[in-house]
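Chain nomenclature is as follows: A, B, C, D, E and F, assigned in order of appearance, with residue numbering initiated at 1 for each chain independently.
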Amino acid sequence: MSGAISGYLVFAWSGVLLFGLGLFGFIAHRHLLRRLLAFNIMGSGAFLVLVGLAQDGRGVDPVPHAMVITGIVVAVASTALALVVFRRWYRASGRTDLPEDT
Amino acid sequence: MILRAILAGLLSLGVIVALGWAVLERPAPVENLPERVASAMPESGVEHPITAVLLNFRSYDTLLEIAVLLLAVVVALALREAQPDRPEQMGLDNPLLRSVMAWLLPLILVVAGFLLWAGSYQPGGAFQAGSVLAAAGVLLRLAGAHLGWLDNAALLRAGLALGLLTFIGIGMVVMLPGVPFLTYPEAHAGTLILAIELTLTLSIGLTLLSLFRLNPPYADDPDDARTQGGPKP
Amino acid sequence: MPWLDLFLGFTLCVTAGLALIARDMFRAVIMFIVFGLLMAVAWVRLQAPDIALAEAAIGAGLTGVLLLDTLGYLRRPFGSRVDNPDDRS
Amino acid sequence: MIGLWSVPLLFALPLSLGILSLLVVPAWRPRLIFIGLPLLVAASLDVLAGLATIGPHVYRLGDWAAPLGINLVVDGLAVGMILMTTLVTSLCALYAWVYLRDHPTSTTFFWPLLWFLWAGMNGIWLAEEIFNLYVGLEVMGLAAVGMVALRATPQALAAAMRYLLAALLGSLAYLLGVALLYGAYGTLSMAGLQEVAANNATTQVALALIILGLLLKTALFPLHAWLPPAHGGALTPVSALLSALVIKASFYILLRFWLVLGPEITPEFTAQFLGVLGAGAVFYGGWMAWRQHHLKQLVAYSTVAQIGYLFLFFPLVTNTGPEAQRLAWDGTLMMLIAHALAKAALFLSAGNLILAVGSPQISHLVGISRFRPMSLFSFGLAGVSLMGLPPSGGFTAKWLLLHSAILSGQWWWLIVLFLGGLLSAAYIFKVFRMSFREGPQIDRSVTPPLTLDVTALILASAAILIGLTAHLPLHWLRLGSVFGVS
Amino acid sequence: MDWNSLILLGVLATSLVASGVIFLLAESRLVLRTVVNLTAAVLKLVLVGWIVWGVYQAIEYEFRFTIIEGVDFILRADALGIMFVGLSSLLWLFTTIYAIGYLEKAPNRSRFFGFFSLCVASTVGIALAGNLFTFLLFYELLTLSTYPLVVHRGTRESLRAGQVYLYYTLGGGALLLFGVVALHVLIGDTEFVPGGSLAGLDPSLHPMLIIIFLMMVIGLGVKAALFPLHAWLPMAMVAPAPVSALLHAVAVVKAGAFGIARVVYDVYGIEFAQSLGLLMPLAVVASITIIYGSLRALAQTDLKKRLAFSTVSQVSYIVLGISLFGPIGAVGGLMHLLHQGLMKITLFFCAGNYAETLGVHKISELDGAGERMPATSVAFTLGAFGMIGIPPMAGFISKWYLGIGALEAQMNWVLGILILSSLLNAAYFLPILYRIWFRKRDRMWCEGKVLGRFETQASLLFPTLFTAAVALAAGILAGMPFSPLYWAELIVGREYLQ
Amino acid sequence: MNAVLAPIALLLAPGVPLALALLWSFPRLRPHIGPLAPWAAIPALLLALFGQPGATVELDWLLFGAQIGMTGTTQVFLFFTALIWFAAGIHGRGHLSKDDHCERFCVFWLLTLAGNIGLILALDVALFYTSFALMTFAAYGLIVHDASRAALRAGRVYLVLAVLGEALILTGLILAARATGAPLLPMLADLPAAIAAAPERDLIIASLWLGFGVKAGLPLLHFSLPLAYGAAPVPVAAALAGAMIKAGLLGWLVTLPLGQAGFEQWGTIVIATGLIAAFGGALIGVNQIRPRFVLAYSSISQMGMVSVAIGAWLSAPELGPLLAVAITIFALHHSLAKAALFLGTEVVRHRTRRPVLWLWIGLGIPALALAGLMPSGLLTKTTLKGALTAGNAMPEVWNNLPLLLGLAAIGTTALMARHLWLLRLEAGRDDAPPAAWHGWALITAATVLGVFLLPLWGITPDWLAGVGGIPDALWPVAAGLLLAVFAWRWLKPWPIPPADVLVLLTPLPGLVMRAGQAVGVTGPAIQHLLRHLQALALDRYRRADHWIGRASVHLWRRDAPLLFALILALLAAYGLSIG
């Protein structure tokens, strides 16, 4: 196996770990901003897995690249949306977490 | 809380293990999509494969993706109207930043244009350019610059809508000869894609900027909120 | 150069972890921006410069700015709350 | 070529209208439905005509073949869902047109969100591609979140936030599953996957992730916590849309996955496990619904319960005979459609009742039957379908599921269906009981506009009628699926 | 689709359409509502009369369409079904008239009459159902349409009764559903065929068939108020009198009994059911119910409650007749379907008249009612005699056939049950009659309403008298063509000759 | 009477009273029906006098298809029944027109009459039973007519027994009908043969014997009679004692397997009970203190004698023809005489200026007739005796039957003497309707002359034997009179209440009653105690019912879904395990 190829796989593995870390954060935290951070980290993990796995053994693949770009845009849109809702929520209730979570 | 953390830890550990297992056991793929992309590249109208995938082969995904972005803005608009803020008062109003901005802004615009233009044959494209544009907007805002035309709701919304409308419109117009949606004729594919990218860049930039701008400002006082609140029925 | 990749992957994980466990929200967001930049590097390593650009501009940049802005919002002196204030955060 | 225009119109038109409604002044936003609805109805019918004339087919967007480009699948299932969506959404839109008049202008943002939601749903129904499904899910999900947040009350915002988090987590899990599948098989097309997918660890894990993600989005017990506040707290037409259609989308994707990968790959254990979760949903949701004091919360928990029925599909089609499988398929789809119609009707009529008494409390409905018989009648008709009593779509569905359960020898699902029906009866009749009660008379009850009642009634009647004429829709729905030949 | 199938739909539609129209009418449209009600009822009666004549001449009436593959919606008029239709449409007319008078100033009449018509529509549907599926459809519809009637008064008590009613009927309905589905799994669409369609099945399936039979009979037994499943019926007494009349005489309990008849005769076939050993237990349950109901009735002090337990007892005569293996018992059971309906509706009308005119609900308050309301009391007397089985009332005819049928079926003990039941019936009815006729009035009656020239409102009195007269005539003129006896014999002739 | 008239007459006989009763439903006609009521029996009377036996009318539409007609025997029954009703009606015109409840009385009268005539004319089981029931239940209305406490009690006892009797009869008839060839359209004529062949024949006979025995005053079932006769208005009592009691007899005659071999045991039982009734009735009767009770026990006693004849018929089928004649004559004789006696009890109370002697002669005639000294009595006794001794057909044990009957006749004489004595005490007490004596006179005349009409119905008794029987008839009368004359001074009546057995049947109240009487507590206190006990029992029953109701509702209300689910699970699991 050439270094580049295993490099792809390394990133896939990192993606797996990132996803796991993000998941942990997503569940363990109650602060909504942290959860959003965690969500973004999870997303990054998923993108890494997508590209890393796809390219491992096959070389550069533009399709997952396009998918990841789409994914990033979707993620930022979601994050932005979440922040909008969050800020409105915070303004309304003064809380940074969700009421049922305590 | 502890319990929750333990649970979360166990769960993520499980997911990691499962994923690791899946990665290890993964079979060798049968389908070779890059090859298909490569062979279809000549018909795509662009030279950069990623742009081809994004705006030709899988342009439908991109179309929906723009919709997602737009959606976020719609929600932000809706919420702002539902919980009216006073006009923004934001900005550090820092003279240094302003003067830096005066330098930086043309540069950013140039970069954005380059990214857009470059997108057809090398890395870059509408998203990158759009986000650079948005970054400029954000900086301006942080600098306390008042972008008057952004307060013109109709104009702003037109700008927001432009990209997606153009996208759909072109997708529809090309159907006239009796081909499916989004089938660009080979001869004009490049031009059409560029047109789409151009409008998309603008829209994406505006969208991202709007997302930033539509958040509640740092400070507002109740009086203002009452008197200057959005159009209540 | 798998070692570089490995290191990069490791750093990614560490920054992500720091972003997640940082006690201070501000630090967490900063770590996240750093994470985003590292991700951009990783994308370059994955021969995906387009994504790298997008990640840097959107993932790290815009998201980071949005988060920071929100963070500032959380720290502002409150003018008013729509509902009764609840001091827990 | 039939459907050449109508298929893309199904998502392009709502998208365009969504944008247009952003551009026009708030007062004009609702009026776009009078352009949109006829066109979309026409497009849906044209798609149906296409299905009828040329059978199940594939629409190649951009004229690119499957693994490279994105294809849309026009088979019985998709067309069925499209028609259901068109019907329900049209009526909800009409309802909202009247309902939102008395609401603040901010709620006119309902309209762009509605169009985006519609586009997202139609996109999902037509999608043949697993990544495309992801994007579709996001469009639909974010639009739905926006709709929930529309009220901008703290409760609504919290519900929206919770919903958003669940939706995002679900999407990510799904996306990761997609990533694994693409990594393993190099294709995103379902048809392609069907050819190459094999039973191995990667597929299993990917499927597990996808299923988990979709379960979260479908709000299957015990992942349902986000649903009741979101569906119960939203504006009435929003609740109707969300409960009737939106959660169906993720189930639909599961169904599609099962069609592609399921029969060979889904292990018996998973199938039974999903069934057990479904049973749990039926019991827990029913029980919780019965305990609610708010009318719309009750209806929302009813959704939690009814979702459970859909998941009986999996145990009933796994390792059972072809006849049992066909019946399970028919029953599940019937349940899906009947629930969509009935639940929309239920939410709309609940909204009418709330409007009439001016309070969401069930206990304030005392004696309302005297004043709002029609709202109550729609509520009752829809309730009939939910309870699975004849003659209604719910009944036909239950009949088919029972048939399948007996044929496959899994008698324990009978108990689920049995108690589920009784629990539904318990909570539906809880409302009725109150409305029949002759207490201290309410001296005034607001009379909602007729349109509100009529739309609810049409939906409720549709839920009943679909049961009586079930063989037609079921026949169409089988087209293009593995059961199409029977 | 020819006229013969359309007329079936017409019979169903008359009350369905009436129901829809009435729902839409405003509460204040009294005249229009009455006109719609009566027109529909009369129209239905005419159509039913037409069909009766046709069925008599062995014309086939059938309407069907497919619901789901392998499951059809079938309406068919056969002798058994049309008998039930005839009963319900006739009594519907009278109950409607009665109810119009009874609820003259009550609230929620639109709702009431709407569900009332719906209830009749479902009864007619049950009667005309050509297969188990269609039967089930209307059977459940009946549950739904009667619930609002039961809770009509909206008091705590009636709501509670409604709840119990629902628990029972929905539970039973679900069991029935399972039975029907299981049967479907075995043999597909189960059309009602004289002589049944299961006899040819493989013997290894017989235990399964027994279980299915149990499920269906438990399901149907809830409505038919068979012994352990009867408790809802007396509770449902809180409903207004016309509703009780309808529940007890026409709709609910009859639907159950009729369903059992269908299952035994047209699904299993009497001979096959006998060979499976199903009839004997059914007869035992019916007998227990007969005695139990009577014993409970004896203890009731409330007039309507006593009548309710009497229904528990009397409806089981029908089931008993069905479970007697032999044509004569069958005739007796089927005939009692009509007889009990006529007699019991008379009794409930009378109870309603007493309650409405004199404000009397307790038996102990009836002293001297005969002098104040002679016509009502005569009707009550006729009904009560019929229940006891004193000739020449209709009840005697049933009892005679049941007795002979029991002997023919070698079940002599049934005769003992019949006699014992008669005695118990006498024990709880005769004291009432005694009070009505021979005791002096010892209290002031709260005379609630302004009355016309009769002892009570004409719309309350005449239906009562008419049903009483019909119940009497059904006994005296049993030998006439188109009498219940005649029709029951026609049915049995057609069922047994298969 | 020709073929056209006969069916019409047959229909009119029960039809006229029934039609009048129906017309009563029209309030406007009611005042006119009362006066007509006594005459409602006339068609039947005319039919009995001029009709020919054998004519039948089929009424397909009625019940399962009824048939009415006359036989020789039933014609005699019809005659005296109609006559008694007619006479009683005339006697009771006051009740029928002036009473408080005269309208009610009128309709019950007509219905009872219709039932009585109907059951005589019925040829098929259903109509017979229907008419019987009609008569039975309508008569209740007559008995409790004056709504006094005694009348109500009598009515209650009567009703309970009547219901039991009806139930027994129904049992017997259904069982018997099933044994005939046409169980759904059984004819009375087919019953005896069918019963003889039926497997449950003993059950059938027992049911029918006891069932009709309620009417016919069978020992231990008789106690409603004295109460009813005592409490009912006099014309009603006359009809009850004269006509309706014979309905029970007719029931025996038409349903029991008379003339079929193989019923010796039954014969023995019937004879034995008959004798018990004959003697017991006399013994209890002479202790009564009211004339009507005396007459009632006399009826029981007399019916006992008829029972002996029936029993003999069962024991010795070959005596059938002779016994049939004897029983018919007996029935005719006894009913007319008894009716006359009952009507007399009221006539005698009249404060009247008529010659007392004539009145007492008139009162004595039926008494003498019963004692056996008038033509009818003589004929009855001799015919019966002749029949019983004919050809030594009777079993050995019963050789002394004539003697026993003679001894019973002593009792009859004593009863009559007691009756007249008691009557004397009541004479001229109060007012009565002026026309009442017409009916009495008519029936008294019929008592004397009725027997001579027998040839009209084809019964030609042995008149000479009757004359020859005078010596035989004399000694019991003489003995009875002697007994009466000597005994009445020192014989202090035992306090046997009229409803003797009823008191014994319910031991606890009976004991309480006795105890009460012993310590001097009577009447209201005991009544109160009894009420209390009854209320207590009822309360217990109701409470038990309440708990059962609650338990069942509770069980099913709370857990109905689970229970149903359990049933379902069990059935489904079992079903799938085997299938």
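Methods note: contacts are C-beta pairs under 8 Å (C-beta built on N, C-alpha and C of every residue); 3 or more make two chains touch, one makes a residue touch a chain.
None of the values given here were measured: they were computed from a predicted structure.
Chemist: By the touch criterion stated at the start, how many steps lie between subunit A and subunit D on the shortest route?
Modeler: When the steps are counted carefully, the minimum from subunit A to subunit D is 1.
Chemist: When the mean CA coordinate of each chain is compared with the mean CA coordinate of the whole protein, which chain is closest?
Modeler: E
Chemist: Quick check: which two chains are joined by the most contacting C-beta pairs?
Modeler: Greatest count of contact pairs is found between chains B-D.
Chemist: Could you put a whole-Å number on the gap between the CA centroids of subunit A and subunit C?
Modeler: 11
Chemist: Please report how many Å separate the Cα centroid of subunit B from that of subunit E, as a whole number.
Modeler: Each chain's C-alpha centroid was found; their separation is 71 Å.
Chemist: So what's the Cα centroid distance for subunit B and subunit F, whole Å?
Modeler: Centre separation, subunit B to subunit F: 109 Å.
Chemist: Averaging only over C-alpha atoms, locate the centres of subunit D and subunit F and give their separation in whole Å.
Modeler: Each chain's C-alpha centroid was found; their separation is 80 Å.
Chemist: Hey, what residues on subunit A touch two or more of the other chains?
Modeler: Residues 12-13, 17, 19, 21, 24-26, 47, 49, 52-53, 58, 60, 63, 65, 67, 69-70, 72-74, 76-78, 80-81, 83, 85-88, 91-93 of subunit A each touch two or more of the other chains.
Chemist: Mark out which residues of subunit C touch at least two other chains, giving numbers and ranges.
Modeler: 50, 54, 58, 62, 66, 70, 73, 82-83
Chemist: Tell me, which residues of subunit F touch at least two other chains?
Modeler: 561, 564, 568, 572, 575
Chemist: Taking all chains into account, which pairs touch?
Modeler: A-B, A-C, A-D, B-C, B-D, D-E, D-F, E-F
Chemist: Report the residues of subunit C in contact with subunit B in the complex, numbered from low to high.
Modeler: Touching subunit B: residues 49-50, 52-54, 57-58, 61-62, 65-66, 69-70, 72-73, 76-77, 79-80, 82 of subunit C.
Chemist: Quick check on the complex: what are the subunit A residues that touch subunit B?
Modeler: Those residues of subunit A that touch subunit B are 9, 12-13, 16-17, 19-21, 23-28, 49, 53, 57-63, 65-67, 69-70, 72-74, 76-78, 80-81, 83-85, 87-88, 91-92.
Chemist: Subunit E touches which residues of subunit F in the complex?
Modeler: The touching residues are 25, 59-66, 104, 126, 129-130, 133-134, 137, 141, 144, 147, 152, 155, 159, 163-164, 166-167, 170-171, 174-175, 177-178, 183-184, 200, 541-542, 544-546, 548-549, 552-553, 556-557, 560-561, 563-564, 567-568, 571-572, 574-575, 578-579.
Chemist: Which residues of subunit C touch subunit A in their complex?
Modeler: Where subunit C meets subunit A, its residues are 1-2, 4-6, 8-10, 12-13, 16-17, 19-21, 25, 28-29, 32, 35-36, 39, 42-43, 45-48, 50-51, 54-55, 58-59, 62-63, 66-67, 70-71, 73-74, 78, 81-83, 85-89.
Chemist: Which of the residues in subunit E come into contact with subunit F in the complex?
Modeler: These residues of subunit E touch subunit F: 163-164, 167-168, 171-172, 174-175, 178, 182, 205, 207-208, 211-212, 214-215, 218, 228-229, 231-232, 234-235, 295-296, 298-301, 328, 375, 378, 385, 389-392, 396-397, 399-401, 403-404, 407-408, 412, 415, 419, 422-423, 426-427, 430, 434, 437-438, 440, 475-480, 485.
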